[in-house]
Structure formats: C-alpha cells, structure tokens
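Right after this note come the structures.
You will see chain A twice below: alongside chain B first, and alongside chain C after that.
Up next is the complex of A and B:
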C-alpha cells in the first residue's frame, strides 16, 4: 500500500461517508489479467490471486501470482520488531488492569459503598498508563558526555508519535495530579515533542536545529540576526534553559570583551536573570529547567505582578541608549516584549498554532483553567495561525480539548491504529464520564456489543494477522464478553496442525480458556492429518484425545480387515501396535477383545515360523481353540482363523489337536456351512479351496489323533 | 503493504486456499492440479510441490475439503464431472495425491460445490446446470470414497453456514444464475432432522427481485450476533441480508435487507467474509478488489479498494 495510508486501519467510525481510498495492488504480471480470486488468511491478511489470460505466447511461463495484502495499515514509523515489542509489552498491563477491574466490580456488588472511581482505582489507571508509556520510547541511549559541550544547546532525543499521543491522553485523563496545572503540562509536552511537527512544517525546534549547525562556524554570534530570532522563538515557547544558555554565548561575556562592553553585558545578564526567575504556575520543575514555581494562585499572582513590573522597569531603563551594539539592543528589547505578552511578537516568532497556544499560556493568560477556556483559546490560536497541513497529534489535542470523545477515538484510530484505540480506551473511560458511557453502551447495530468490545475485537484481528503475535490475541478476546469467545474459537480453528509445536501451543490455549469443543475439533483434525499421512499411531492417539468415537470405530473396523490375511512382519507390527493403542475401550469391547486375542494368536503363529519347538505350536493351538470357543469371535472370522492355522492342523511331527478339540472345530465348520446359506452372510476374502483344505486337514488330524489315542 | 507469496503456472484459471491458509490448490486449462506449500507457518512464500494431471479437460474450480476429513481437493471439470483427489499414505506406498472419487456426469455440468461439516459427517452440496442440487453425505469419515446421495432438490452459488459447534453443517444458502427465472432467487436451506430432509426456510430476495440471477452468495461467520449476515450479489448490486436465528410460527426465518451496495458494476466473481464476519471482500469483472464494512450506525459502505497494477 502506498505511503499516504497513515495508520489507517480498517476500523469503522461514525464520520460521514467518505470516498474509499484506492490502493494499488502490485503483482508484476504482464497484462491482460483475466480474473481475480480472493481469500482471507490469518486475521486481516487478504490473499488475492491474479490470473493472466491464458495466451499463446510461450515466452512468458507465469500464469498468475498470489499476492498477500496486509490491512493493518501501520505506517513506516515503527519497525515490525518494535511493534511486536510494544504489542507483547502491553499485554501484562492490560491484563492486570482487567483483573483489577473485575475484582472492583465484584467488590462493589457486595458493598455499595465502594465506588469504582475512588482513589485506589486512579492509582491503578495511572500505573497502567505509565507502564504502557515506558514501552513507547525509542531505544535511544542517553549518553551523557563527561564534558558538556557549551555550544550544544539541543539534545537529540528522537521521540515517537505514539508516545506523544499517549502522554497527551495520560495528562488529560489519567494523571489526576497534572490536571491542576494542565497548561504548564502542555508546555513540557511541546518541549518534548515539537520536533514531531517538523516533518510537515517549520517549527521552533527545526529552527533551533538549523541554527545549531551554523553555531559551530559563527565568529561573532551576536551579529547574526538568526541568533536573536532563534532565542526569541525559544523564549516564546518557554524553553528558558536553552535561551539562557544561548544568551550566555553572547560575545560580551568573553573575558577580553568584558572591559569595554560592560553595559551591554549588564543588560544581557539582566535579561538572563529575569528569564530564569520567571514565575510558573506549577508545583515543581525538572532539574535544569528555569523558573520559579508556585502552587497557589494568589502567591503566583503576586510574583507575576512583581516580575512584570521588573521587566517594565528594565524596558524603560536609560541603559539602552548606552548599549552600543544595535542588534543586542533590538534583540533584548524584543525578548522583553515577549515576556510582556506582546501578541504580535508571539505570533511572528512561533511557527504553528500549538506553539502560539503555549506562548499564550506562558505570557498572556497564565491563569487559564478549565477545558472550555483552553478550547476557546486553542480555536483563537488556530484562527491566528491556520494549519497548512493537519497533523494527527493536533487533531487529537483538539478533540481532547473539545471534550469530544468521538473525535478523540476517530483521531486515535485514524492516526495511530487499533493498538492505540484499544489501550487508550482504558484511560479514556477512567478519565471521562462521557467516554465511559459512550464506550460501554451496547449497540444494536454492532450486534449488541459496546464500542470498547468492538475495538478490542478489531485489535485482536490485527494481532491474529501475524504468526508471531497471534498467541496474545486470546488475552484481549477473553475480555470481550459477547463476541470474544466466538472469534477466539475461529482464530484457534484456523491454525495449522502439521507442526507439532504449533499444535501443542494451540491446545494449551484451548485448555487455558476451557474451550473443550474447539480443542477436540483441533485434535480431530490432527488425528485425521496424521492418519492419512501414514502416521497411524499418532493419528489414533489424537483421535482418542478428541474422543472421536465415530472415526475410532471405523478404524477398529478397518483392523478387522487384517484378520485372516497374510501380512508382512512390519505391517503386523504396525497392526499390533494399533490394536494396543486402541485398547479395550468398553464401547467397542466385543470387537476389540477379539482383536486382542487374535493378535496374541497371530504372534504365537509367527513364533512357530521362527522354528521354535513344539511347545510354541501347542500354545498356538490353545489360542486357536480358545478363540474358536470365545463368543466374542464373530462367525465370519472362523474360516479365516482356521485357514491361518492350516500349518498347525497339518503338523508333520504329530497331530497337535486331540479328539475333543478336532471335533469342536469340525462342528464349528458345520455351523459355518449352514450359516453360509443365509442371505446376509459375509464371505471372507479367502481362496476358493480354503474351506475344503481346512476340512481335509481336520479330518486327517482326527484320524491321526484317534490312532494315537488308541 | 503487499508482497507476492506464490507464482502460478501458465494456464492457471482457479485457486483456493485451505482452511488455515497454509496450502494453495490451483487448477489449469490443461487439467493440471497444482499444490503449493510453505516450509513453516510463519513463512509467507509458497512453492509448488506437486503437479498432477487429474483430467483431460480444463479444471474450472477447486474447493478444499474440510480438514476434519484429511487433505483433499474437489475439482470441477469442464466436462461437468466432479473429481475428489486426496493426499494420503496408502498401504506401503509413500505420501501421494490420489483420485478417491469421481462423480461422473454426462448430461449436466456441475456449477458449484461446497462442503459442510457436522460433528458426525461431511456433506457435499453440488449445484448442476439443469437446476438440480444434490446433497451427498460421506459414509465413512476415514475414507473419502463412499458418498451417498442424500437429497436432490430443485431450487450456482452455495455458501454453508460456517458456524462451528452444535449447529454445524445444518444450513446453507444457494442461489442460481440461470435463464429460468423461478430458479434464481437465493434461498436458505436447513436440514430437518425429524423428517430427514432439506427445506427452504428463507428467501433472500424482495418480491420484485426474485428472478434476478445470482452471481455469488456468502454467509458470514457469526461470532455472537443475534442474527446471521448473508451477502447476495446480483446484477443490481450486492445485498446484505440479516436473517433471524429463530424460526417464526410458520417455520421460516425472518429476513431483512439492510443494504444494497453498488458492487462492481458488472458481474461479481467472488465474495469472502473475514474471520470475524465483519468485513466483506469482493472481486468482480471491473478487475478490482473491494472491501465493505458497516459503520457504527449500521450503514454499509465501501472502505477501500485495490487496483491491480503491474
């Protein structure tokens, strides 16, 4: 699929019907194409078979191609391996949260005093959020060099869009503590993630990056107009530490300059100090960041007034006239204007509406509180700086500020995919009553499931699309109360059985989730697969595990076919082994008992062939007699048995059967002859003279024994 | 992101993947059946390990037999016959593909065949060019040779209810594309255990559409919905029907046409539902692959389309 598909997974959402996107399907065949075939394979993979028109030209031997298309729509930002790492890593936090939710639910059923939204619950949600967030950072080693390069102003952290989006949602929905100082939270957020917007437009971050490249070669830094512009822009978005660091690179600090640029330096330093003492409406600051923190509004207001007064005083000071360096004078005064909240300056120096938005929070409306006013301000900033290209993070923020859960979901889905939606829903439902209601409502037109369940099902299908991630789909499916099990059954059913490891893994999952019928079906398929591919022992084993009586009975029936036939040693061993495996199940007791006895008889017959003594022969005779006497022995096998025992009956050394035994057998033969006249009698598959040979042998035997016994 | 997973020989006209997507069977104009495998389940590249000539004429369609009965393929041939080939180790011979059953047909052509699995048996529904539908039942679950004709009903697209479990193999939908108007409309057939016969329990066509020829039908897997979803493609487009699960007083099921999609403009060749029964993939004579889904408000729409390009 082409690159413009930015994480557009196939998930329905309630925006108005838009025109469907057309993707190219590359098959590499020469036209003309005569037909297409389609088949869904794992999860969301669609296999399209493209058939060429069968033509006469013999130069091209290719008749068609089967092409696999993946419909999970992930963009190229995250590698496959990274995505798998995130998918696997998310499983535990998700499962833990679900089990906690379940125990809360059962607790609240017992005692109505515990509300599911109490303090403990918030801790769990935040823990979940932090766990997920830690998975999303890029694997960058933060190598701290021992000697800090004074000219390096920007570290290169390489953030990811996913993490940026997650942190936004965490701040607004999960982190109760940051709710009190959201604007400052956004200032921090933009500092971390402004670089992500550089892909589609110019940003303060990109300006800084460009300037940093030039910094190395600049001699007189304060002559460079870009120096002042970049500093002002950084100041506008609140990157105070960078501004101060840059200020201190001013030429007037150099030891040899200090003498004749005192006033200039004084002014520079004054601005630097003012900046570092900027009051901030927030509980604390990270190490290395500048500003003075205030938790309570009255304290902050007092400090704010004082600070602004100091700036105004500096602005009016007479020292400016004495400042020789023009650019420094203009640059510094510009920066003072920013700190005084000059809208024009702020507008010029910021690149996109979010930066302007942050600037408003810092310098114009630091007392902004509440989502409604934050949303209004955002709208105003968008008007002042319209978006040239929309970015998924911007769309998300607008949705959050507008308290429009549907937009938030749509942006998550469109911009970040099913993983994001599924996992973010936990945070959303915790932090917003509107989200909780919307996402848990059961909808008829979805077949009676909630949106929360729908998204989990979609995500599970995405997981099923990869051979390396399908095993984690069950965890999400079991949290879907209505349709989860149905989809899980289908997922398990579609796994192949020819690789033992995969088969065992599959059965393990069935066992874990008590899916007995699925399990027995899979075992049935494995049994048939093995049976048909010559691994009869394995086949019987699996069919027994599956308790497939129908097929096992048929196999037992097939075993009977071997009775009376001469079979090779190896086949006999296999046959014997199968009889052993089939065991003596109570259901097929009659038939199988006979087979067991027959097996013993056959074995002893074989021993004789090996040239053992007459004892073995006598034993064989005992077996034969007991078999013939046994009511379990089906009548149709009498002749085959006797035919098998011909060499016993014709024993040269001496007759093996005594008179009684011979008479028994002759009687059986007589019974048999009468029975054969019945219409439903099944003839054994024996040579035509079998009956007469046996009769002759028995008669001879009778004669000989009679003589002996006399 | 797309990638080629198999390359087919010249003259290949039809293909089918097995239940787990691990084997591909193709049929060609010279009657050759080819089977493609991949070395392991996580690999996505399939090579042809078997080519065997099963018939003198061309093979029009190949359909895999459900895995509970082994590895086997049914081939519909141009002369109207239906052949069943299976991969088996028999007696002392090595593993090979063999013909296990041939359903000869001299006068009429087999148009479509589909397999339905129940806990005890395998059923085969074959639709013939004279308007007959034959339902065969496999007598011995171990051997694919012996089939018994269970029913021959009048009413060539077949789709079984793919439900696994107790309700397995008890109903299918069938629609004809013929010049006999009465035959055409799609009907849902259910097996009546008490009287041991197949009965039509629902008709998926509005009164004014009853004589429309049906190009294809597809029954979506139901993972927990209170109704069944069936897609029927005719020249008027692709209709999505909701069929009630429980019969009404007259023994018939309630039906509701919830959408009519514009389809492919011409003939619809094939329709397939995904594993959750929520996304419908279709191909047609306009040469495109289209994906359809219903949104949160239950409105069906085309979500994406794929255009084959070299």
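Up next is the complex of A and C:
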C-alpha cells in the first residue's frame, strides 16, 4: 500500500507491515497437499486447514489437519502476558479517572464558573499518569544493591520503550509543575532511557557499558585514553554522579601515591568538586544525583555565573604546569571545556542528536524555556548529529516539541499500539485545550464519532479478541457514548455458553450494565444449548431464569413423551430432582407445571397396580382432574391420560368420579373429537379403540355416579 | 457482639502468573520453613493446562516445585490430609496424584464415568466422590485402581455443581435452583438423595440461582454451608430441614441484613481462624467466601461481615490453610495468586 493511500486510513499502520513475514506451518502431513483453507480464528490467529490428496495406498494416513497460526503483530519487547498485565492494571486508574471526569462534568454544569480543567483536575490526571507509569516497569532507583561495588558505575534497570514514551507524555502534558524545568526533565529522561537507543547505534550509555567491562582489568586507569573519553561523554550528557565516581578511581587517590602526586590529585578533586556543585534549574534531585538545585530563576542565574567563573579561574590556574601526568592534564582540561560549553567538544563527545540536545541544555543554553525554542534547538541538533536509524521514541518527542497533537497521536499509535493511544489521550486532553477540542470533536468521516471514541473502540476490540481480556473491554466500551453499547451487546452475545462459570461471568457483566434483555437472551441460548446436549435439568433452569414460557411449553410437550414411557420404570425417581428444581410457583415453571401433577398421578397409579387401596385411587383421580383442568396440559396428551385412567373410571367398588368431574372429562373428550378433524392433529400412539373405550368407561361412570348421587 | 470495630488489616502478597489459575489448594508442607500449594493452571495462548505445586515462603517467593499435564483443563480440585490431590477435568476424567505430582490413579472419560465436564470432586481418606452437570454421582476408591462405582445417574435431568463429604458414608451436593442434596451410602438402594432442600431466595427480577460450593465442618456434620448466585451464603441445618439460615445475600427475607456481594459466590469454607463469640451449637460457625465481584470476606451469623480483600477483578477460588488457618490463598481472574496472612 502506498503512502497516499494511507491518508484515508482511520488507524495508521506501521511501515513494517509492508515487509512479508514468513510463518512456518507444522501440520505434519505427508505431501501431496491438495487444498488449503484459511479463516480468522480468535484474536490475532489464523486457522489454516490443510487437506491431503486422498490416495489409496495410505489409508491410515490422516486426511487433513487444522492448525492455528498466531500473527505476532506486537513488538518483541513486551510479551503477550506482560501486555495483559498492563491491560489489567490500567483498568482501575482509567475507570477512576472516568468517574472523576463525570463528577467534574456534572459539577461544572451546576456552576458555570469552574471549568473541568481548572484547579485540582490536573492533579487527578497526574495521579492517573503515575498509576499507569508504575505498571510499565520499576523505577530505576529501586534496583539498588546493599553493598555498593566501587567499580560498578552503571546500574542495569532494563527500561522499556513503552515506559520511556509514557514518561515523555507525563512530563509534557500531565505534570504542570514540571513545565518550568522541562529541559532538566529531559536530562533525567535520557539518563534513564539512553540505553534504548544502543541497539541501533552507539550511545554514551553503550560506551559506558563497554568501558565498565574493561574497568576490572585496568591497572593504571588514568593512562587509558578511553577513561577520559568516557568520562567526558558522561559529563556532556550530565551524568554527574557517574563522572565523579569515575574521577575518584584516579590513581592519584591511592594512599601510596598521594605523596608525590599531590598537585595532580588536587586538580582531579577540584574538577570533581566543581562537577558536583553544578547549579541545576530544578526543584529537587533524586538521592545520589549531584548538583545544586535552584527553584527561582534569578538565584539560578547568579549561581550559574559564579560557577562558570570558578571553572574559568581553574582553567587559567598555574597548577596545570605542575601536573606531570599528561593524560590527566589533557583530560581534565577537556572536561572543563565541556562545562564551559565548547560546542566542538560537545559535538564530538555525544553520539546522537538527543545527547547533543541535552548537552546544549546543560552547558550552552541553560535558560531555555518554552516549547518553541526547545523545538528550534532540537532541529539544530538533528542537523548537527542525525541518528543512525529512525526511532519511535524520537518521532514521538519531535511531535511533542513541535506541538502537533495529530503527530503525537499518530506516533503513539504507530509506535506503541492501541493501548498507548487510548490511555495517553487522557493525558493529552488534560494538557491542552487544543487537544481537547481536536479529540472530542465529532467527525463525519469517522461515522460521527470522535477520535477519542475511535481509539477506545479500537482498543476494546483488541481486548475483546482474547479470552482473558474480553471481560475488561466493557469498561472501555461503556465510556464510548455513540457506539459503545452496541458493540458491548455484540461482545456479550459472542461469548460461548458451554461452561457455566464463563456464562455466569458474562451474565454478571449484563447485570452491572443493566442489560436485562441481553442477559435474558443469553440465558435462552444457554438453556437451548444445554437442553440439546442432554443436560435437561440445566436447560430447564436457564429457560426458567429467562422466563421463557414459550420454550418451556415446547419442552414440556417433549418431556411428556419421555415421562409417559417411564411409568413402569423404577427410575421414575430421577424426575424428582427436576420437579424439585421447578419449584411450586406455576409462573416460573411454565408448561412444565404438569410434571408435578403428572408425577402424583403416576405415583398413585403405581400404588394401585401394586394393590394399594382406594385412597390411592382417589388421589389419582384428583391428580387426573387437576391435570385435565390445567390449560397447560397439551391437548394431545388428554387421551393418553384418560386411557391410563381406564382402571379408575371402571373402579369396581364404587364410582370414583362425581357427576361434575365426569362431565368435565366428557367435555374434554368431545373437544378432542372435534380437534381430531383438524389436519394438524397428531394422533397419540395408542390402540385404535382407545377413544371409544374411554368414552364407554366415562359413560358407564356417569350412569353409576348419577345413580349413587340420587 | 464481638469487637469488630478495630481489626488489623491482613497482609496481602500478590504473585502475577501470566497464566489463568482455575483453582488453588493448600497441601501439607514439605519443610517447616515453606508452604506448599497446588495450582490448576491454564495457558490460554498455548491452550495447555497443567497442575503444578509451588512452594511458598513469605513474604516474597513462589517457586514451582513439580508439575503434571492433565489431558484437558482442570474443573475441580480437592486435597486430602494425606497429601493427595484429586483433579477432575472438563472432558470428564478424574486423576488422583501425590503431592510430587505422580499419578496414582486415573479414571478415563471414555469408561462411562461422566458425560461432559465433572463439576465437583471431594477427596477424603481414600474415597473420592465426583459429580457433574450430567447428574451422575460416582465414587472412586484411591486404592481401587481406577474402578468407579455409580451412586446415582440423573440422566441430565438434574445436575450438580459441587460436592463435599460429611462422613465416610455421607456427603452433600449442590446444584441448580439453590438445591442441596444429602446422600447416605448406607441407604444407596433407594437410588437418590436421602434429603433435599430447595432455597427460595429469589429476589426481584431473578427467578432462582445456583449453588457453586458447599462445605461441612467436621465437628458439625448436620450443618451444610453453601454459597451461590446473587451473593448468597446460607446454612442448611439437617435438624430443621425446611428452612435455612442466610448469612449473606440479596434475598428478600427479613433476616438478611448484610450483603457484601451481589454476584456469584464461587467458593465457601468454614473459617476456623475467626473465633466466634458465641459457640452455641445452634449458631452457624464463621464462614469465608469469595465472589465474582472481587470480595473475600468472613461472614458470621448475627455479626457484621468483614472484608479481607476487595479486588477489581473476580476471586475465583480460595483455600484456608488447614495447618495455619490465618493464611488464605486465592486465585484472581487477572492471572494472579494472592496470599492473605491474617494477624
């Protein structure tokens, strides 16, 4: 796809997507392969179905196989499991910020004077930003060993690009307090993340790493030119603690040499002291970092001038002539040149534009304020010392400095994916009104939704595609006003219903967002699924929960057949459990209520068969009457019921049914005879003379009971 | 009333796992300095289940000890005092293992054991009882070598979610419609449960609910503790069969005063760490539950409930350490383990 085509793309895709990626298929089938089927599977996977050419000689061979191929679209730096952990962790901060935003919005409606971006709002955003940042990796200061190795100059915190990017966003947009000392924030930032650029080119960090390896084997450290070069480089980018630590490894500090190298040692120490006294325009420094902090600009300027004067004085000192060690003399004076802001020195000692940029802030233009001048300086440094390869962090930084929100968004999306954009938008909108309007404006080319909503929807789709993260997608979907709820419903319907635990988790989400109709539909789907898979009990349970009378009634008709067959079966007890489950409320049981009566009816009939007394027969008649009275009892079961009751109708001792009851049954029989004429009538599986024998029995009974009642 | 106002908050240690944890159980420790727990793990990306023991030494370490790969995902887990682990799978097989993850016994799903997933197992001594949504109740003897005995076959007309032994011959099951069933093997000829209970806690809008977990205290086998839908935790006393004592839930009954959770209660256990102020035999002992809305809490009849954990994600299972009941291990929805140490 060409560059022009991407102009209309809603979500920018990375340039790397153009390069073909080869995924080997391990299907283990013997050639020849005749057919391939490719379809999307869950998430980022493709399902590839491989079919063999059917041949006679290999009957035992497998004819085909389906394999899944995971398309790895993510950067290798962060594993899938880590991404999920970040996704889980960002739910709470995101939800908290949204609810605060909502309450702020309702407050500002009441009193029009307070804007949501006033006062303490940005403190909430900063809190959010810090919460998110803490998910992305440990702070560099936490990895400190108890016993410090004097020769260990570098810690190894393994920073990530994602965290580096987030910190940039935080410094420039979320942290209002840091606006006054942005250059110093960048100094800290590079100190933490310079190693990230080492993979594509040389950096001060990589120089230090190399030198640290040699350090152990070096006998006379000050004779080594690399020692002085590395120190100067570290000084140029402001890693003062490392420089001072290295300086103190100088041979002149050793007790046996201190006597005859007194002047030399004095010079080394003087430079070390000057370095550690460097004035910094910032409120505070982390423990272990060197420099003197100034909050107010006038104080800082005064201290700065004084410090520069001290350096200049040392530079012109006569002690240099007395320093016998040539490398020390040269090296130290070089370092003084750096501190005096010698452009050539800075340019040669730094490895890429960002390092040079930092050196400019520290030694040439310490009073730089405002993004515009910072951007200008950045452009100049890029010209002087371009990077060997483009880096996603640099793209982001340039976008931020250039105050171009669209570029920042695009760089976030391209370099760090949907998670980053979705969460960074919160910080961006807090940072500027321009970004706020840009992101919240409803756009026709996006189908009427805002950029913010678009990016949230994209992220929610990513979450939805994984079986472990789909449950957190609703948090993001519900924050999308226009299309969120529709997509949420689709997501909920899409979840499998075959395991109760998962099903219940799904229904819980419906409950939280008051999606009662979705919930009842899912229960219906689950009910039918279970019913069809032979789990009749749970099928009935779910349909009852959904209050789906129509389906319960249909199930009842099917049930009647199997219940009818099991009359003589000893296993009739197994129905007890289901009947118990149905409960006594007729409303929730629907057509299945007949099971209750039918159970009682059959039980009594069984007792009669076993030779029990008239009492059982009376009970059977009562159950029969309530069954026949119940409008839920399907018509097609009337005749089987009556046929089963022949013995009751012809009870020898005395008629069991009174006139009223007999009439009811006769009426039903009449209704049945009429219904039989209809074409859709289903004939019960009974002997052909069943109807007539029932009619005869009823007539006889009517006669007998009329006689008795008289 | 006991003093509930001031409680020292428990210490919580979290261990992210980067795999889904289906169930957790404590095992008797291998050494006095560390604890041992068995985790039923499911790797979603690789679609591979595993059963792993991890030794835990607080405050900071969780180290894998031994592991075994089950044929499919584990659905239920039970441990015995003899360091045995019984694990049932979604495909319907049952496996009994030693704490070193050596398989002692397996019942194949193709042997007509269960149809579909087994939803609950309980292991005590040498007997293991298993139940499923298929309505089957089976007994497996650990010394029997893979043979099983069918206690009941509900043919899918009923289904069970959980099971717990009350004595060597009696056990209780729970299932749909807040139903509890009491079984007695000595009266197995009757072909069904000896006693049944159907809870009626239907609140507005919801018809009924499910039981997900049951527990029985060894000293009071007449009282079954059950937990299920709508945050319901109740006790069923066999001596008063027709009623139940609701400990927590959103039911309409006037007895319900406290409810910490409104969603599914996934697991309940009697909590022997919380000392009851009133030990009359008619009162229900303190109970702990975990829920879909992320609550791990202790409830007691007539007392204010209190929370041990309130997580942003579901707590799917927990287990109170029988050796040291102040420690509780739980599995969280977001692929992690939490260990709660109570003071």
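By definition in this document, the second predicted complex is superposed on the first by the 490 of 710 C-alpha atoms of A that agree within 3 Å, B and C clash if a C-alpha of one lies under 4 Å from a C-alpha of the other, contacts with A are read in each partner's own complex, and residues count from 1 in each chain.
We adopt the following convention: a contact is a pair of C-beta atoms (placed from the backbone, for glycine too) under 8 Å apart; a residue touches a chain by one contact, two chains touch by 3 or more.
From a predicted model like this one, the values you see are computed outputs, not experimental measurements.
In the overlay built on the shared chain, the residue A:35 is in contact with chain B alone; chain C does not reach it.
In the superposed model, A:443 lies in contact with chain B only, and not with chain C.
Which of chain B and chain C touches more residues of chain A: that partner is B. Touch criterion met: A:67 reaches chain B, while chain C stays clear of it. After overlaying the two complexes on the shared chain, residue contacts for A:554 are found with chain B alone; chain C is out of touch. When the two complexes are overlaid on their common chain A, residue A:675 makes contact with neither chain B nor chain C. By the touch criterion defined above, A:468 lies against chain B and chain C together after alignment on the C-alpha atoms of chain A.
Once the two complexes are overlaid on the shared chain, A:22 sits against chain B while remaining clear of chain C.
When the two complexes are overlaid on their common chain A, residue A:516 makes contact with chain C while staying clear of chain B. By the touch criterion defined above, A:80 lies against chain C but remains apart from chain B after alignment on the C-alpha atoms of chain A.
With the contact threshold set out at the top, residues 70, 467-468, 499, 533-534, 571 of chain A are in contact with chain B in one structure and with chain C in the other. Within the complex formed with chain A, the residues of chain B that make contact are 1-17, 19-22, 24, 26, 28-29, 36, 40-42, 44, 46, 67-71, 86-89, 92, 95, 120, 140-143, 164-165, 221-227, 269-270, 272-276, 279, 281-283, 287, 289-291, 293-299, 301-310. Interface residues of chain A facing chain B in the complex, by the touch rule stated above, are 1, 10, 12-14, 17, 20-31, 33-52, 54, 60-71, 443-449, 451, 454, 457, 461, 464, 467-468, 482-487, 489-491, 493-499, 502, 517-518, 521, 524-525, 528-529, 531-534, 550-551, 554-555, 558, 571. Contacts from chain A toward chain C in the complex involve residues 70, 79-82, 84-85, 88, 91-92, 466-468, 471, 499-501, 504-505, 508, 511, 516, 530, 533-538, 541, 544-545, 547, 570-571, 573-578, 580-583, 588. Put simply, chain C touches chain A in their complex at residues 16, 18-20, 44-45, 90, 115-117, 119, 133-135, 153-159, 161, 175-177, 179, 181, 190-193, 196, 198, 200, 205-208, 210, 229, 262-264, 266, 292-293, 312-314, 316, 333-335.
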